[in-house]
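For clarity, chains are labelled A, B, C, D, E and F in written order, and residue numbers in each chain start from 1.
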Amino acid sequence: MSETSLAITKFSDLANPTRFLALAARILPWMAAFTALCFIVGLYLSFTTEGDYQQGETVRIMYIHVPAAWLSMMGYTIMSLSAIGTLVWRHPLADVSAKAAAPLGAAFTLIALVTGSLWGKPMWGTWWVWDARLTSVFILFLMYLGLIALNRAIDEPSKAARVSAVLILVGFVNIPIIKFSVDWWNTLHQSASVLRFDGPAIDPEFLRPLLVMAVAFTALFFTLHIMAMRNEIWRRRVAAQRRMAARLASREG
Amino acid sequence: MTHAFYVYGSYAFAALVTVAVTLWTWADGRARRKELAALEASGIRRRSARTKDGV
Amino acid sequence: MHLEAANLAARRGEDLIFEGLSFGLEAGQALVLTGKNGSGKSTLLRVVAGLLRQERGTVSFTDSHGDTHKRVGEISHYLGHRNAMKSELTVAENLEFWRRFLGQMHGPSVSIDEAAAAVGLEGITHLPFGYLSAGQQRRFAFAKLLIAYRPVWILDEPTAALDTSGDRLFAELIEAHRRNGGIVLAATHQPLGLEGVQELRMTGFAHAGSGVWA
Amino acid sequence: MHLEAANLAARRGEDLIFEGLSFGLEAGQALVLTGKNGSGKSTLLRVVAGLLRQERGTVSFTDSHGDTHKRVGEISHYLGHRNAMKSELTVAENLEFWRRFLGQMHGPSVSIDEAAAAVGLEGITHLPFGYLSAGQQRRFAFAKLLIAYRPVWILDEPTAALDTSGDRLFAELIEAHRRNGGIVLAATHQPLGLEGVQELRMTGFAHAGSGVWA
Amino acid sequence: MTALLLRDLKLSIRAGGGALVGVLFFLTVVAVIPFGVGPDLALLSRIGPAIVWIGALLAALLGLDRLFQAERDDGSLDLMLMQETPLVLTVLVKCLAHWIATSLPLVIASPLLGLFMNMSETAIGATMLTLLVGSPAITFIGAVGAAVAVALPRGGLLVSILVLPLTIPVLIFGVSATYSAVEGPSPFLPPFLILIALTLFFAVIGPAAAALALRNTSD
Amino acid sequence: MTALLLRDLKLSIRAGGGALVGVLFFLTVVAVIPFGVGPDLALLSRIGPAIVWIGALLAALLGLDRLFQAERDDGSLDLMLMQETPLVLTVLVKCLAHWIATSLPLVIASPLLGLFMNMSETAIGATMLTLLVGSPAITFIGAVGAAVAVALPRGGLLVSILVLPLTIPVLIFGVSATYSAVEGPSPFLPPFLILIALTLFFAVIGPAAAALALRNTSD
C-alpha cells in the first residue's frame, strides 16, 4: 500500500496541480495588490487627463473599451495555447487553464461590446451596426458562450477538455479577423493606432492612462485566471475524493 | 460634461462586470475549500496528504 | 507472429481500472478474459484495439516477417457489444460495405454468401439487418470477421444472445482461425469451449480514484 | 391469478412465425421459452406484452379478484433485449423516472437503493448509466422490475452479459417473485436454474410464406 | 406524467446546456443574417419578424425527428406503449417537454433579437406573442413526423414531406399577424385568431396521429 | 472509400430523407420571406441571393449533428477508427456523402427559388455557382461540430451554435461574390476566388480537426 501510494505521489507530482496550488497561494496576494494599485493610478489618470477636442469627454470610454477589447482577444489566445497543451502534452493543468479562461474571456468581451455600444451611440449615432469589427467581436462572444456550454455538456473533465481544445483551435481563425477586420473592410470603426507595426500613432496624453489601464486589466485577468484555475483544481479534487469514497463504500458495504 | 451618461455608464458597467466576476470567482473558491474541509473532516484524505504535506 | 502487451494500465473516467497487466500471444494462441461484471474486460479489449488510450504500457504486434506494428487495431477485427451494422440496410449490403471498407489483407477470406453459410444463416442476406432476431444479428456481426482477413480477433462476449448450436459454431470458427495462425482475444462469461487457451482473470479497480487530482 | 394464451399465431413481415400456440400459467408458475435463434421467442413475448399484434388467438389475464384484463401489457414488466435506460441520466434518475412513470400497483416493491443492492450494485447509482459496463447495465435494467410491482414479468434473455454470480442473483430474484405469487415468462438460451417451470420449445416458421398472398 | 416531463427536460439540458443553448442558437442564427443581407438597418427591421420565425422553425426541427427514435433505440418506447396511461397523453407531454426545452427559450429571447434587428417595440411584442402562440403548433406537427419515422424505419422521406409543408401555414399566419400588428393596413386579429386555431387544431390532431402511428409500429 | 460514399448515400435516401428535408426547408424559408418584405418585387430580387444563401446554410445544419453520432451508436465508428485508411480520408468521404445528399439538391433547386424571388438570370447563375463552390465549406466546418458532438450523448442545438459562427466568412464571401456579379461595381472574381480558397482551406482544416476530435472522444 505504502509503496503504491508513493508511486502515485511521484506521478501526480509530474502533473503537478499540487505545486501549482502552492505557487498560486504564494503569488496571489501580490498580484491582487498590484492589480488594485494599477487600477487606482489608472482611474486617477483617466479622469484627470484632458478630453479630446474632437470626441470630447467620451474619449474616456477608450480607457476601458480598448483594454477590454484587447483582453477579449488575449483570453482566447490563452485558451488556444492551453488547447495546444491539452492536445499535444495532455497536461491536466492545460485543461484547467482553458476551462478557467472561458468565462473570464466572455466577461471582458461583454465589457468591450457594451462600452463600445455606449461609445457608438454618441459617436456614430447608433448603438449597434453590423460592421465587420463589431460582428466579429460579437461572434467571439458567442464562441466563448458556446465553448462554456460545450464544456458543461460533457461531464468527463478530461474528455471535455480535449474536445473543446479542438474547437478552440478551429475557432482561433476569428482572432486575426477581429484584429485586421478594420484594415480589410473599411468600416466605421477606428483602425489600429496603438498596436501597430510602426509604433503608436496616438497622443501621449491619451496613451499614458490607456497603457496603465491596460496593465491594470491584464493584471486583473491573470489574477482571476489563477484564482479560477485554483477553484477548478479544487473542484476536481472534491469530485475525485467523492468518487473514491463511493467506491470504497460500495466495496466494503 | 458632454456625454456624461455614456462615459459613466461605461465605467459603471465595466465595474459591475469585473466586480461580479471577481466576487463569483472568490465565492466559488470559498465553496470549494469548504467542501474539501468537509471531506477532510469525514475522514477521506488525499493520498499525497497522507504521505507528506500538501496544500 | 506475436502480440505483446506490457505493463498496461487504463483509466475509465478518473479511475484506474487495471495496472501492470502484461501478456504475450503467439500465432494460434488465444487469451480468454474472465471476471465479474465491471471488472474491466471490455476496457482491456478496447485498449488493445486502440480505441481507448492506455494510461501506461505498450501493445505491439510483430508479424510473420518480423515487422513490428504499434497500432494493433489496424491488423485486428473488433467485435464489441454493438454490432456495427446499419438496420436500414440489408445484411448483404452491410457485409459488402465492410468487405470493401476493411479491404483485403494477405490471408484466407470468404465471400459473403459463404460467410452467411458459415454462421448458419444462408439465404436471408436479403433481409434488412433490423428485421433479424438478436441472435441472428450477432451471427452476422460475426460473419464480418470472415469476409476480410485480419490476423488478430478481439471479441467482446461474442456469444451473447446465441443459442447452443451458435456457441458451438463460433467455437469452431475461432478454432479454425487459430489453426490458420490467427490470434484471438476474447472476453466472456460462459466457457467458449476452446482448447489450450490462456486465461486472464480481471479483478477491476487497481486503485479507486487514484487520479491526478486526488 | 391466471395468465392464459389461446391459439396464438403471429406474423413477422409476411411470414407466420408460430401458430396454434396455447399455454396457461397460475400464480407462482413460470414458462421458459427455448429454441434456436430466430425461432420466435422474442416475437411471442412481444405478442404477450401487447407490443406486437397477434395474427390470431387471445391473451388474457385474470387477477386475484377474478377480473379479466385483455391488455396484459398493463400489468406486466417487460425486459427486452434493450435496457430502456437513458445513458445521459444517472442510474438513480433513470430508476426514479421509471418508478414514477410506471406507478405503483398493489404489491411488494422496494426503494431504489434497495433495488440496487438486490442486483448487487449498491453505491454506484450516482453514475451516469452510459458509464457502466454491459453487465452492470443489464443488472440495473433488472432492478427496474423491483421498484414497481407488476404481477407478470416478461423477460427476454434476462441474463445476457451477466457473470455467473449475476445469473444466480437473477434466478433468486425470479424465484422470490414467484413465491410472492408472480408469474414469469422468460426466453433464454442458458438454463436459468429455476425450479418447477414449464418449458416451451419454439421451432420457428409455422408455414414460411403462408400469408394472405400465398 | 410530470416524471416524464422532468426527465425529458433533464435530457435536453444534459445534452447541451439547456435554455442557454436555445437562446445562443437563436442569437447565432440572427447574427448570421446581416452578413447575408447586408447591414441595412431598415431592411433588417423589415425582415426581422420573418427571420425570428424561421429561426424558431429551424430550432424546432433540429432534434425533433429523434423525439421518438431515441426512445425506440434504447427500448423505452416499448415500456411506454405498454402503460395504461393513454398514449396520447404521453405524446402530448413529450411534445410539451420538447417545446419547453427548445422553443420557449426562443420566445423569451425574441425581444433581445428584436433589438439586434432594430425592430420597433410593437414589432417585438407582436413577434413574441405570435411565437408564443404559434410555436407549439410546429412541435405538434413535428411529433407526427417523428412518430411516423419510428413506425416506418425507411419512412424518412415521408416525414419531411409530411411535416414541413404543414408548418408553412403556421409560419405564414404567424408572420402575417406580426406584420399586420406593425404596419397595418390589415387588422391583426384575424390572422392571429387563425394562428390560435391552428395551434389548437394541431394540439388535438398531432398527438392523436402520432399515438396512432406509434401503436402501429410493426415490431 | 467509394463503398463508404455509396453506403452513406444509400442511408440518407433510405432513412434520413436528407435531400428532401433540406429542399423543403429551403422552400419554406423562401416562401416565408416575401411575407416579411411584402410583395415588393424589386426588393425581393435584391435580397434574393442572400436569402438563398442563408437558407442553404441553415438547411445544411439539419441532420449534420448526427453525422458521426449515428455511427457511434451502432458501433461502426469503432471499426472506422481502427482502420489503416487515414481517418481524415474517412471523414472527408463522409462529408462528401453528406454534401451530395443535402447540399447538392439545394444547389440544383436554387434556380427554382431564384425564380420565386424574382431574380435575374445573372443573379440566378451567380447564386448557383457560388453555392456550388461555397457550400462544401459549410459541410466541412459542420463536420468538426459533428465530431465534437460524438462526445455528447445527443445532438441538437449545441452543434449548430459551435458551427454557425465559423461559417460566417463563407456566407459573406458567397453573398458578396453574387452581388458583385449582379450589380457591380466591385469585380466578381476576388470574392469568388476567396470563396474557393475558403472551401479548400476548410476541406483541409475541417476533416483534420474532425479526425482529431474523433480520436479524442472515443472511449
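Here is the rule we use: a residue touches a chain if its C-beta (ideal position, glycine included) is under 8 Å from a C-beta of that chain, and two chains touch if they have at least 3 such contacts.
The model shown is predicted, which means the values in this text are computed figures rather than measured ones.
Q: Which chain maximises the distance between its CA centroid and that of chain E?
A: Checked the centroid distances; the maximum from chain E is C.
Q: Out of D-F and C-F, which chain pair has the most contact pairs?
A: Result: the pair with more contacts is C-F.
Q: Superposing the C-alpha atoms of chain E on chain F takes a rotation of how many degrees, nearest 5?
A: That rotation is 175 degrees, given to the nearest 5.
Q: What whole-Å value do you get for the distance between chain C and chain E if each is reduced to the mean of its CA atoms?
A: Between these chains, centre-to-centre, one finds 44 Å.
Q: Starting from the mean Cα coordinates of chain A and chain C, work out the distance between those two points in Å.
A: Whole-Å distance between the two chain centres: 46.
Q: List the centre-to-centre spacing of chain C and chain D in whole Å, with centres computed as mean CA coordinates.
A: 30
Q: Indicate the residues of chain F shared as contacts by at least two other chains.
A: Where chain F meets two or more other chains at a single residue, that happens at 14-15, 73, 152-154, 158, 161, 165, 168, 219.
Q: If you look at chain C, which of its residues touch at least two other chains?
A: 12-13, 81, 87-88, 131, 210, 214
Q: For chain B, give me the residues that contact two or more of the other chains.
A: 46-47
Q: Which residues of chain A touch chain B in their complex?
A: Per the touch definition, chain A meets chain B at residues 2, 5-6, 8-9, 12, 18, 21-22, 25, 51, 56-58, 60-61, 64-65, 68, 103-104, 107, 110-111, 114-115, 118-119, 121-122, 220, 224, 227-228, 230-231, 234-235, 237-238, 241-242, 244-245.
Q: Given the complex with chain D, which residues does chain C contribute to the contact?
A: 12-13, 35-39, 41-42, 81, 127, 131-136, 138-139, 157, 160-166, 189-190
Q: Per the contact definition, I'd like the list of chain F residues that touch chain C in the complex.
A: 1-4, 6-7, 10-11, 14-15, 73-76, 78-85, 218-219
Q: Across the complex, what residues on chain E touch chain A?
A: Answer in residue numbers: 14-17, 20-21, 24, 27-28, 31, 34-35, 38-39, 41, 44, 116, 118.
Q: Which of the residues in chain F end up touching chain D in this complex?
A: Contacts found on chain F: 153-154.
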